[in-house]
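These are the structures in question, set out in turn.
After this come two complexes, each holding chain A, first together with chain B and then together with chain C.
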Partner chain A sequence: MTTGAAPRGGWQAAWPYAGALAIALAVLAGLVAALGGNASEALAGVFRAAFGTGAGLGQTLNKTTPLLLGSLAVVLGLRAGVFNIGVDGQIYAGAVAATGAAFLLADVPRAVALPGVLLAGLAGGAAWGLLPGLLRARMGVNEIFVTVMLNFVALFLVEYLSTGPWNDPTAGEAITRAIPPQATLPWLFARAGAHAGVLLALAAAGGVWLLLYRTVFGYELRATGDNPSAALVGGVPVARVVAVALVASGALAGLAGAVEVSGFHYRLILGLSPGYGMMAILIAVLSRRHPLLAVPAALGFAALLVGTDSLQRSVGLPASAVFVVQAALLLVLLAVEGVRRAR
Partner chain B sequence: MTAPLVRMRGISKRFGPVVALDGAEFELLAGEVHGLLGENGAGKTTLMNVLAGLYRADAGEVEVDGRPAAIREPRDAVRLGIGMVHQHFELVGQLSALENVVLGREGGAWLRTDRLRREVQALMERVGLPVPLDRPVRELPVGVQQKVEILKALYRGARVLILDEPTTLLTPQEVDSLFASVRALVEAGVSVVFITHKLHEVLRTCDRVTVMRRGRRVVTVGRQEADPTRLVEWMVGTAPPPPAARNPSPPGRPVLELEAVKVLDSRGVLALDGCTLAVRAGELVGVAGVSGNGQQALASVVAGTVRPASGVVRLDGRVATRHGVAERMRAGVLSVPEDRLRDGILPRMSVAENVLLGRHRLHFRGVWYEPEVGRRLAQQAIEEFRIACPGPDAPAGQLSGGNLQKLIAARVFGGARERGARLLVAHNPTRGLDVPSTEFLHGRLVEFCQAGGAVLLISEDLDELLKLSDRIAVLYRGRVVAEFPRGRFDRYEIGRAMTGGVSA
Partner chain C sequence: MSWELFADPSLFRLAVAMAVPLVLASAGEVLMERGGILNVAVEGMVTLGAAAAFLAGFATGSTWVGFTAAAAAGVLVASVLAHYAVVWRQEQVTVGLTLYVLCLGLASLLYRVVVGVRLSPPRVETLQPVSLPVLSQVPVLGEVLFRQHALVYLSAAVVAAAHVLLFRTALGLRLRSVGENPVAADTVGVDVFRLRRAAAAAGGALVGLAGASLPFTLTGTFTEGIAGGRGWIALMLVIFGRWTPAGAAGGALLFAYVEALQFKLAMTSRAVPPQFLQMLPYLFAVAVLVRAYRGAQAPGALGKPYHREARA
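And now, the complex of A and B:
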């Protein structure tokens, strides 16, 4: 992919993904049957749950938001040649900052409070990207270690805040008090329960595309990711580019955290991210590191998650069996992608 | 005279357009140390790689023990008792010396350490190569690692041991120890081929010498007939230097000055060891030398990708020692890197995006990037430099080596034109190019010089340097050991300086 305007091969490149989806659904049907469910009913249920009803569509869009933002964070890193596997930590860091900002901005109008909350999320995630960025740029420390370690730091920070200073005493769980209403995202489709976060995520996809393909910094970033020594010989400040890329990557993930707080949970909770960071890596790989292809990939992924969640209701699978189905689907997608790349 | 142990006849080998071996001949007698001498690119290593089964020759035949031998892969060579120790060792760092020596020959499912240890110890005693068997190999000094490699070859039953430039990485003490080991090996019945470009090593250790040039054997002589003067003549040829490609320009002000520059390479070894050199405006200075004598460090330190450990770099009279690449570029320094795949090309990005690299800050002053600019420049470059490619949007990684080199040249000369560049550093810029492309590139270098630019041309091709340079500086062990103005070009003297003189 070189121009960014049109992914090479156009629609012809899409057929392996259609194949992957078909295989995934076949595996799904097989698993459901093996677990004692009605396979055809399950498949219909998956589709109905993800797209067939307003509420289902709303859930799918809500799930798309953190997945898309997270995968954009991974794409940006990969394009600069760094592997950000700390997206979960950055989501939590963004969520913490957003929640804190929401509490601080309790007495201001929404026009101030909401942007403040979202910016705080960006800043929190960026801060979580800054440390690995600086360590990589200054001392060549591998970003994989640092980002993974920071995942734990962020998790424990959330645990401390949600059980300690920000704890909601009436809840009896690890969740914080609710944020004030003027810090919450407006509805996109109120009746479907879809918040406007997906618009932010779509804008971010466009923004990342613009950054990569229409700014000088994006050119330098892609050059750095493609061949850092050639970029260096070409006068690109490689270390700085890598550091900025990690900060920007963290900021995108942080925004995902802010959206989860301000659009979905209305509070900071432990378990805010059910592994979005890892799914984001998979989506980034499936979309071949292209920010616009990440949109359909994230949407499809979200639909699969929402749809399989419904298996509990439609064919009465236990929750743990649903996780087994979801995990199996991830493996199938990964394997298909591996086969595609090998050819 | 008995039949030679190994006889190679009419061996030819091409790599794409490059002829590496052109009907080469070689004979190895039992119980001798045979020096294989020649400049870089003469075909020494390629010839031995054919013998060791790493390359398959396009033509020619090999006999071992007087019988035709079909060597198709390394296993065949091992079966015939041929072992090779490469310049860069192939050892597993975490494993012990013993484990490395027996690797792949353990036999059975269980590691019979005691039996294997007895075998290896017996071998060490027989050939006089003691090494500590139990320490991880990566903790051993390079000289000892080399002995582990030799043991590995012998353990696999080598009667013919090929050593490829074995002294490159060694300290003088380790070299002495290696030469003693080689003598011991011969006494134990092993025949040794010693690939080198250093005269004094040949004269010190070898019974006979084969000199190669341009993929062919020049001569094979016994040590008595091998005096240094004739060896150098055989290596570099006696043809008079080619006529100058241009009229020398009147010398201008110094553009580049290096003063006692020292550079450490990634291993912490001094790659440049007090290098002093100046290039003036309108002057083309050629840097001759056997590769590995600091050329890479010289090119990097001038381009600004590495900082010197000590010494001063001046550009147009101003100190630029600590400036990075971008600052050097703004000061008018452009470079053609030696390793185009490693340092020149963005393989997954388009030809257009590659042509822009290093010039993008000139074409885009602000934040925004316009793909059309690169496409336009690429279209020009494709026409001007006759780059064979599907178009500006094709990924650069799909281009052939020669076309990649043209792409880099187009980028550099384009940048030079736009920037009014002052200094061009070119490291082996025509390697792998066909004759018309080489001529074209030479023309551009000369043109750049005649327009008042300074050129530092680092090349392993002495003919290229003789043709283009106003002055040739010889780099040996990280220093300029000799300089020759055009009036005093002399292949023999230059070749002698390149090989460290005879006494070095």
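And now, the complex of A and C:
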């Protein structure tokens, strides 16, 4: 999507984003009006809910975490020329591994238990990225299909664990027993209810940037994504780079799953990811596949998510409406870019 | 467990019925991809088609209105994709994924706006089986193939028609040339842009109908996850079937058999937790995909925008 468009700097580059955001908010207002609500009040409510109160800000930061980690996973894949559509499945795989580790590490101090849980999340997500990575590298099987199919496998695995062996019998729904307290993430702002996961996500953004732009592997990865045949001729082990990129991408998503378990839900639940993986794709495209630009984009999407959550309570806007708003935003942006190109 | 279960005529009958959405969606996708447009929004379009069909059917009480609404929704989304791909030369996978998310959101949003919140989900009437005269009396085959609902027969007709169109008409030859080598097609006077948009619209209608088949033949209701990956699987079947409607339909039957088998096993077997049986079709799809990719040759210009003034 970046090919062909002339690079523009400063405000000229910013105005399509502002326009797209305005249109997305107009879509949101229209949806509220269609449900019989007061559109301008609702839009003000979105901002109040996301940024206006300490608790709202805390929720926005909490939602930023999985969105940022997920979009970094997609960015890493895109830079290597692969589409990781399986972020949701990898989030669940990471959450399963993290929950399992938390149960196993019930009797050890936090200094061991918490890193163990987070590492387990990384490993779970990486495991989910391994199969698509290997199939792509060895047999040329398109990773889109394999990652998507594994989403369903992960969902059924979570359903099995949360209703079966790990089920909390007192809850009466598809959730597992709570993880022990020493496996939980500490607070960042306790009064706002913001956990420290967002720091991990920010560190990951910096880490991905360093990896992409300051290491040999990152150079090879970008070369593979930009032009695989040229990279191959230049001596880059293209197949291995792609496989490693998908495994690393899965690991980032898996970390998101671990953070959701250890920072937010304190257990494994069905519905742990309300489509974070799909939003992550949109964020990655929106941020032009750049790990640092993904930070503000993820924050913005998190605010939209928290804001529309409040509309769910006040005017009965369904949770899925946020997909419409976010996708509309990106479609407008792609259209602006397209019109410029066709001119 | 007896092995007769795997060859039970009622299992084959269910498999044929369950193949319908896969056959229709993959036939639609074959038309689009033969013209050079890669549509990764199929899963979303199937979901939106299911919602449109269910809601229109629910509001008017007419199955026909439901099918029409689903086809219209499919045409609309596919035309948007085609416009981005053909006129604006945007990357098709990016636009397709965005439309996929948009369709999923729209589907449940529309459902919420029309139906509201209710204690029990409303239902539409599902299609009744129609026995074909004489043919339905043939032993075994009659039960499996000719005592099905109307969409099964329609799907068979669609596959035949798409095959004839693609491989036995001048229009089909032009469409394939547009997907294979648009420069050459343009040189001899074929309107690349118009043909691509037309193929997208026709394919979109079929994908929408695939969505409509879900509430009208399988569930009677609409839920957010109604497509259950069938759109993605239809996309794989195109590769499996080497970009032919008949090949994709064959794959659809194979896949639907595994899906139907999973249903039957879940009903008869208590030994394996049902969730592991439910994973089976998806794991099977991955296994089939590995096989399908061997020697697969996609249309030459698939996913590539055609720019008249660009140098090759």
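In this text, the second predicted complex is superposed on the first by the 300 of 343 C-alpha atoms of A that agree within 3 Å, B and C clash if a C-alpha of one lies under 4 Å from a C-alpha of the other, contacts with A are read in each partner's own complex, and residues count from 1 in each chain.
What we mean here is this: a residue touches a chain if its C-beta (ideal position, glycine included) is under 8 Å from a C-beta of that chain, and two chains touch if they have at least 3 such contacts.
Worth saying up front: this structure is predicted, and the values here are computed from it rather than measured.
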Task: Between chain B and chain C, pick out the one touching the greater number of residues of chain A.
output: C
Query: Is A:Y213 touching the first partner chain B, the second partner chain C, both, or neither of them?
result: first
Task: Could you look at A:L31 and tell me whether it touches chain B, chain C, both or neither (first, second, both, neither)?
output: second
- request: Look at A:I85 in the shared chain and tell me whether it touches chain B only, chain C only, both, or neither; answer first, second, both or neither.
  value: second
Query: Which partner does A:G235 reach: the first (chain B), the second (chain C), both, or neither?
result: first
Query: Where does A:T170 make contact in the superposed view: on chain B (first), on chain C (second), on both, or on neither?
result: neither
Task: Kindly list the residues of chain A that each of chain B and chain C touches, one partner per complex.
output: 1, 3-4
Statement: chain A partner, complex, touching residues on chain C are 40, 43, 80, 84, 87-91, 93-95, 97-102, 104-109, 112-113, 117, 224, 228-229, 232, 235-236, 239, 273, 275-276, 278-279, 282-283, 285-286, 289-290, 293-294
- prompt: In their shared complex, at which residues does chain A touch chain B?
  reply: 1-5, 213-220, 222-223, 226-227, 229-237
- prompt: Quick one: in the complex, what on chain A touches chain C?
  reply: 1, 3-4, 31, 34-35, 83, 85, 131, 135, 139-142, 144-146, 148-150, 152-153, 156-157, 159-160, 164, 275, 278-279, 281-282, 285, 316, 318, 320-328, 330-331, 334-335, 337-339, 341-342
Query: What does chain B use to touch chain A in their complex?
result: 303, 305, 324-326, 328-329, 335, 337, 342-350, 352-353, 356-358, 360-361, 364, 366-371, 393-395
